[in-house]
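Have a look at the structure below before the remarks.
Naming follows writing order (A, B, C, D and E), and every chain is counted from residue 1.
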Amino acid sequence: MSEISITHILFVSTALFFIGMYGLFTRRNMITMLMAIELILNSVNINFVAFNKYLYPGKLDGVFFTIFIITIAAAEAALAIAIIINLYRSHHSIDVEDASELKY
Amino acid sequence: MSASVIIFYIISAFILVAALLAVTTRRIFRSAIFLLFTLIGTAALFFWMGVEFIAAVQVIIYVGGIVVLIIFSIFLTQKSGDELPKPLRNRSLFSALALVFSFAFTYHLIYGYGFGQTVHKPFDVKVSEIGLQMLSTKEHGFVLPFEVVSILLLASMVGCIIIAMKIKPVEEKEGK
Amino acid sequence: MSHYSYIAFIPLLPLICFLILGLFGRKYFKTFSGTVGTFSTLISTLLSLYTAYQYFFIEGKVNGIFRNITALKYTWLQFSPNFSIEMGILLDPISVIMIVIVSFISLMVHIFSLGYMKGEERFATYYAFLSLFTFSMLGLVLSSNIFQIYIFWELVGVSSFLLIGYYYENPPAVAASKKAFIVTRFADLGFLIGILMLAFYSGTLDFNTLIERLTSTQSPEFIQISSATFLGVSMLTWGLVLVFIGGAGKSAMFPLHIWLPDAMEGPTPVSALIHAATMVVAGVFLVARLFPVFSIDFTAMQIVTWVGSFSALFAAVIACTQTDIKRVLAFSTISQIGFMMFSLGVSKYGGENGLGYTGSMFHLFTHAFFKSLLFLGAGAVIHFTHSNDIKELGGLRKMMPVTHISFLIACLAIAGIPPFSGFFSKEDILIAAYHSSKLIYGIAVCTSALTAFYMFRLYYSIFWSKDFHNHGPLHGEGTLSMKIPLIILGICTIFAGFVPVSSFVTSDGAPLESHVDLAFSAFPVLMAVTGILLATYLYKTQNNRPQVIASSLGNIYKTVYSKFYVDEIYLFITKKIIFNSIGRPAAWIDKNIVDGLMNFLATTTENISALIKGLQSGKVQNYALYFFGGIVGLAALFIYLLK
Amino acid sequence: MNMGIDFFILMKQEWAVMIVLFILLFIKVGSKDWTNENILNLVNILLLLNVIAGFFGYKEGILFNEMFKTNHLIATEKNILSLGTYIIALQSYPWLKNNKNILEFYILLLSTLLGMFFMISAGNLLMFYLGLELSSIPLAALANFDLDKRKASEAAFKFIISSAFSSGLLLFGISLVYGTTGTLTLSALPEHLYGSPLQIFAFILLISGFGFKISAVPFHLWTADVYEGSPVTVTSYFSVISKGSVIFVFMTVLYTAFKSYAVTWYNILFILSVLTMVIGNLFAIRQNNIKRFLAFSSIAQVGFILIGISGATQAGSASVIYFVLIYTFSNLGAFGVVGLVSAIAGKENMEDYKAFYKTNPMLSWVLAISLFSLAGIPPTAGFFGKFFLLMAGAGQGNYLLITIAALNMVVSLYYYLKIVKAIFMDSNENPVKKLIIAPSPKLALFICVTGIVLTGLISYVYNYIFSMSIGI
Amino acid sequence: MTLTLLILIPLLTALAVLLCKGLKQVRTVSLIGITAQFIFSFILLYVYWKGRASGNSSQFLFELNYTWFEPLKIHYHIGIDGISLSMILLTSFVVIAGVLVSWTQEFLNKEFFFLLLFLSAGAYGYFISLDLFTLFFFLELAVIPKFMLIGIWGSGKKEYSAMKLALMLMAGSALVFVGLLGLYFNTSLNGEHSFDLVEISQMHIDAGIQNIFFPFAFIGFGVFSALFPFHTWVPDGHSSAPTAASMFLAGISMKLGGYGCLRVATYLMPDAAHHYSPIIILLSTVAIIYGAFVTMMQKDLKYINAYSSVSHCGFVLLGIGMLTQTSINGAVLQMVSHGLMTALFFAAIGMIYSRTHTRLTKELGGLLKVLPFISTVFVIAGLCSLGLPGFSGFVAEVTVFMGSWENPDIWYRLATILACASIVVTAVYILRAAGTAVMGPITNNHYQHLKDAKWNERLAAGILVTGIVAIGVAPFWLYNLITPDTEYIIQHLGKALTLK
């Protein structure tokens, strides 16, 4: 199954990365922004695993990195959601446009 | 053109389409579902690459944890089913352009770098192997990161408890 | 030279007196301070007389030539090994004769002021200033160093400023003092630059060396200075002319004369001392001091001559129309100094040709006596009548006999009637003029005729003409202290002419036997007498002839009466040009452009910061965009542009 | 490798922090309930011990196959951080006195501190990343600590989103580095970096990650909002400790792992520093909320620090560490006063500081001195710090940069003086009342002022730091 | 002879002031301290003379060289020569007068005296330091206290002026800073850079380098001594400052600039000094003339003196720019003389203002009658400023003229003549000010019962006048004090020429 050159996989991951980026830039709902971030992290995971498998199979650096990223993503998401919910309490909206009192 | 190749392309197409829908659809619930698909797709990709453990972790934590969490929070904050606010046109236009450009740019760089030569060394990631390395202090040992992450989890748990004290579900989720 | 050190006390005594009176006078001495001042001046007068005796009759003459003796010399500022400002005392005929004049007149004025200034609030201050002036003037005439003379030059300037402004509470006095100081200061600028030129080409500031180097036509310095030119004129000429400008300023030569008439705002004795006898002749003295150098530069001499003669005539004409006693006297002073100037100008160096020089010094000598006498007389009159307008005055001869007689003597002297002192001095001048140029001679004679006329016009309108209707109480003619100086000066005025000045003071120091050539002197005297007679005809008794003539002259009279509008021209230059066209724009530029620039920088910074505040829009997605943009920008820059 | 005693010695500072952390946890879960005062005092004592502990038994070494490395310099950096944390803890007294979540607050704070320690000691990109996250995720919770404040939650959200975003980019960069070099160990990187475009791109992504944490323009935009929204204590923690730690790492990473890219990153730093100084100053000029103002001023400060880093010599790194120390004192001095005013009088705008001197002379002087130190006015330490930073930068011979920096110092002086003016010269009908200050904030301010005055004049401090720091 | 005392005495006094209670203690303590300083500076003069007399011909006496920041080759290196000694004397005169003048400074007295003393400590430190870092340290040290003094105790638009002053001076020192760094990194004594003034003076720095960094240093210092067109802080600052501060500002801190221009810019970068001298002369001549004319149009006494300071400091820069020994001597003399004179002037203005509460010439008048002493002081200051013989101003200006004239180039001489011309304008504005403010009839009846100067004011004025006259009547002692040291500078410049 190694006819697939790694660059193809990288294409997927990069595309995923930028799709996530797009979501982050355009989505006005905070939770969806969070989802976008998850996409970004996923793309990075793909990168790590791919590099590890195809280029440096010797050590499991990439794989472990992926594991840790996933864990941290979970923690981050949890905290983010906590914050969002708290913000929802005060703002009664999770539209990011409404959370722009601090400026200039 | 072996089967795996086709599978690969199918998976990746699935991933990308699902991702695109996830960030564009106007119904938040759907976008959550599409996110779910994307994550599953990624898991599938991991399977395809033969790192079953990662795939498993992906499924357990992302699908079982994060997406559920997200859906809960959607329940909490959204009257379900109503449309999401329209993204600001200028910004989406601009960022779309910027991102397409920079995607081209990045991929051009990656392509230009030429990761041609793939090493045909057997790549076996047995779960036991991972478990051992995870807790070994020796060569290839990852005990220190493991500890650090545990503290991180602890801290973020505490943080969630503080912030979202009144909302039991979030707290429970983080509990495990 | 140590046995000369007593000379130092001649200027120093007044200085000490000034310090004492200035610091403690108001508190501790009060009226007594007059005595202190007078006493110190008396001593320095005696000292200077002794010096004169020593110099002229014992030490001064070496094989028939009066030499320059540098009595004392202290280095004051050592710019470079052979270039330094020294404080020294230079004895030569003119300086010696000057110290005598200065200290003597000053003594007279001190005495006179005892009465005149009695009861003044700032009596002590007055005497302090007088002493300061005396000190500076003596220092000036004794200077051995061209820079030292500049220093004292400034000091006399300021003391005259202080004394003119003595009545600081009445604005005209303040204005006059300012005017005097600024005009002379302007002239001194020329002096200073002149000094710089002469000094740097001759490589010294010391008079003797300087003169010696610049007169010996083959000395390198001389060749250098006369070869170097600026605007086609040799540096020597530049230097001398500039120095002369300084002199002209002090001596109120046209066109720098405007300050002197106004200076009459000061107390009358002060005018007698400063603006008649001593300070105003400093210019003449300066030219005389540098005479050897002047005499070899034709252009400079011409300028001296013409400025002098023109001022003489010009002032005399104006004097005929003025009605303020002191102003008349002021203009006559100008014209007399004009005499001295041009007689220097027409003079040559050495021998018979040096007669002009001698005459000038002689006239300076005699003029000191009769002019101060006139002023003191006028002072007495003003003190007596509280008025100095000849229209109000008249018929005072009975009421103040002493003043009357002395005034008459002085008038005769200044008119040049033999045997009064003025006659002799003017005689020499006229001869010198005659030998040099007929035109100058003509001017001179006319001037002396005019002098006779306006002096007697003054005399008659004060002491004859109508009777004086006194308003307010009249205390007698004045205290003894006021009379004595009048008498002494009167006597001097009569006999000063017989002093054989020409055998002491000559351009080259070699004595010159004086001679009175009756045939020559007949004509000028005749002119003078006609002047007197005309005055008698017009003014002896009250009549309307003057008005008739005045009205027949019409505008000419008006022009002359308003001093040819010179003051107005000056006013125009200062107000319109200097203030409005230079000062105001400069101030504007400073406020709006230079300072504006600084403020502009500040405001622009603030504006920019207000402009870019949109960056911090508060929308987290924009932040992310900028963030990403930054990365892309850097990447593009460093991957493609900066290979 | 012998995981014996030195396993404890080398990680002594981490152990110390962890011990404190667990003590607090036990108190939390323990049944006995403590009064706030006791807890606060206990915490302060513990932190003091932690600081002191840091100064004993330096040892150089590597653990966990280069995942953890330490040496004298790193230990010193950690000491600076824990000292700063201690001061902040002292200062937070009046704010936390009536708060019911003190323990949680400190648990979060200390876990971030721990994260920074690991980050500083990281010999490996994985550890670095973990440390970074550990030091930033709990901070989001801290930023939100005033739960009922709208601004606080907004700030927290902005922070967590942007930090997630930036760490996403950072990770992408790291993955590319990994992909192109095949190693995550910093010390192994140089021989694999041969300047291919992709590597440079990855490198720039990494720099952006750093830039985000030290809030260098254009990666700074979150800073002001988060600083303004968060509680003062947290703000000061943000601006001093978390920023300082990343600066240390940034410098070491540039000097060691990426030394082969010296030219590239010099130019990048040049651009970034100019942008940072100028933008920071321009924004600081027009601020009214004093926390926000301090945020921008601290951004401008980063610009100067970047110049110091760009010096790339021993003197350069020494000056940077030295400056961070001074900056800790100065900024904490300023924040200390601001925090007191906002905690006791509840005022955070510049107008409120008008005629502050009438009522609180001592506090005014402390604030003024701190501001002068930030502005780099002698004889405060700030002067020496700035001077040495720019001096280090000038070593590269780029006097354009130095001139710009020098002129920026003038601009910055302007807004610092604006506050001084408000305090001393302006009049105000209702100025801040006389504040009654608890001993521990007093102590904190005292430490700051002493630090500001002595750190500069006593050359020992600089020489000491110089002796152990290393250039490129 | 430890020079550090010069810094320590005022510093300790300042700290002692902080411990005092109430105006009485504060002022007594500070007066004691400052008097000690005053006496000390004279002892210093005496010892210096003794040292020179005993044939000690080293460039600087009482040197102390203590390594401060070893790795950066920064030393605490101090020592004095004639120039710095004269500056020190000037400072001690002005400061003691300042303390006396602000004797009744009730409002926030402690802070006031503290800042004043602190400021003076900075000035002393500046004048004795031979290490560029230390020099710069003290240069900037002096800025903020001025800001505070003006902003807190000032009058008029004080905040604006204070801010302007602080910013412009800081901008100046920023330029200086760049210049110094440039010097530092281009000196190499066997591979090591140096901040040491003496060491640098012995190295040869490439002319190109000098031409780059000279403008930074010179303009930077120039801002301090009102180099046109960077003088605009002077009028505002001086006029808003409280009396003592204005005295200090005009009397000393403007001299910091002149001293720096001479000591650092000109002495250490001789080639560049030659290269830029025409520009310097141009600017300073403009400053002299233009300053004088602007002064002529001012209505406010303090503004008059401030602008006249611009004009007078022009002479300092002119003297430096002319690069002849006499002119440089003149510049130093002018610094000292202007310091004393302007301090006296401000003192007098302050005394008048404190009584009449106005500084507008047209509102004043006839003060000579009610305030004879103060008015006399005022007039003396005026006469000194218009260069009357017997006062220091004359000596200084004349020396500058002489020195400038030594420069044979026609344009230089033209500049000299223009500079000379300014003395007339000076006379005009001084006499106008004196004439309207002091002389004339009393304009305002409230002035009838004003009290004349008190003992402290008399003492202050007395001290300053003594200084002025001591230089004016017998300049040679000061002149001979500084000549040997300007000699060094001249040799340096000469070497630069020969190397060309």
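By our rule, a residue touches a chain if its C-beta (ideal position, glycine included) is under 8 Å from a C-beta of that chain, and two chains touch if they have at least 3 such contacts.
Bear in mind that the values here come from a model prediction, so they are computed numbers and not experimental data.
**Student:** Quickly list, by label, the chains bordering both subunit A and subunit D.
**Tutor:** B, C
**Student:** Provide the C-alpha centroid distance between subunit C and subunit D, rounded to the nearest whole angstrom.
**Tutor:** For subunit C versus subunit D, the centre distance works out to 77 Å.
**Student:** Can you work out the whole-Å distance between the CA centroids of subunit B and subunit E?
**Tutor:** 71
**Student:** Once you find the CA centre of subunit D and the CA centre of subunit E, what distance in Å lies between them?
**Tutor:** Here subunit D and subunit E have centroids separated by 42 Å.
**Student:** In whole angstrom, what separates the CA-based centres of subunit A and subunit C?
**Tutor:** 97
**Student:** Subunit E: which residues touch two or more other chains?
**Tutor:** 167
**Student:** Indicate the residues of subunit A shared as contacts by at least two other chains.
**Tutor:** In subunit A, residues 10, 20-21, 24-26, 33-34, 55-56, 64, 68, 72, 75-76, 79, 82-84, 86, 97, 99-104 touch at least two other chains, as defined above.
**Student:** Residues of subunit C touching 2+ other chains?
**Tutor:** 602, 613, 616, 618, 620-622, 624-625, 628-629, 635, 639
**Student:** Which chains touch which?
**Tutor:** A-B, A-C, A-D, B-C, B-D, C-D, C-E, D-E
**Student:** Inside the complex, what are the residues of subunit D that reach subunit A?
**Tutor:** Listed in rising order, the residues are 126, 129-130, 133, 137, 140-141, 144, 147-151, 153-158, 160-161, 164-165, 168, 171-172, 174-176, 178-179, 182-184, 224-225, 228-229, 286.
**Student:** Write out the stretch or stretches of subunit B touching subunit C in their complex.
**Tutor:** 91, 94-95, 98, 101-102, 105, 109
**Student:** Using the touch definition from the top, list the residues of subunit A that touch subunit B in their complex.
**Tutor:** Interface residues on subunit A, with respect to subunit B: 1-12, 14-16, 18-23, 25-29, 31-32, 34-36, 38-39, 42, 45-46, 49-50, 52-60, 63-64, 66-68, 70-79, 81-86, 88, 94-95, 97.
**Student:** Show which residues of subunit A lie in contact with subunit D when the two form their complex.
**Tutor:** Its residues touching subunit D are 10, 17, 20, 24, 30, 33-34, 37, 40-41, 43-44, 47-48, 51, 55-56, 61-62, 64-65, 68-69, 72, 75-76, 79-80, 82-84, 86-87, 89-91, 99-104.
**Student:** Hey, which residues of subunit D end up touching subunit C in the complex?
**Tutor:** Touch residues, subunit D against subunit C: 157-158, 161-162, 165-166, 169, 197, 200-201, 204-205, 207-208, 211-212, 217-219, 221-222, 224-225, 264, 267-268, 271, 279, 282-283, 285-286, 411, 414.
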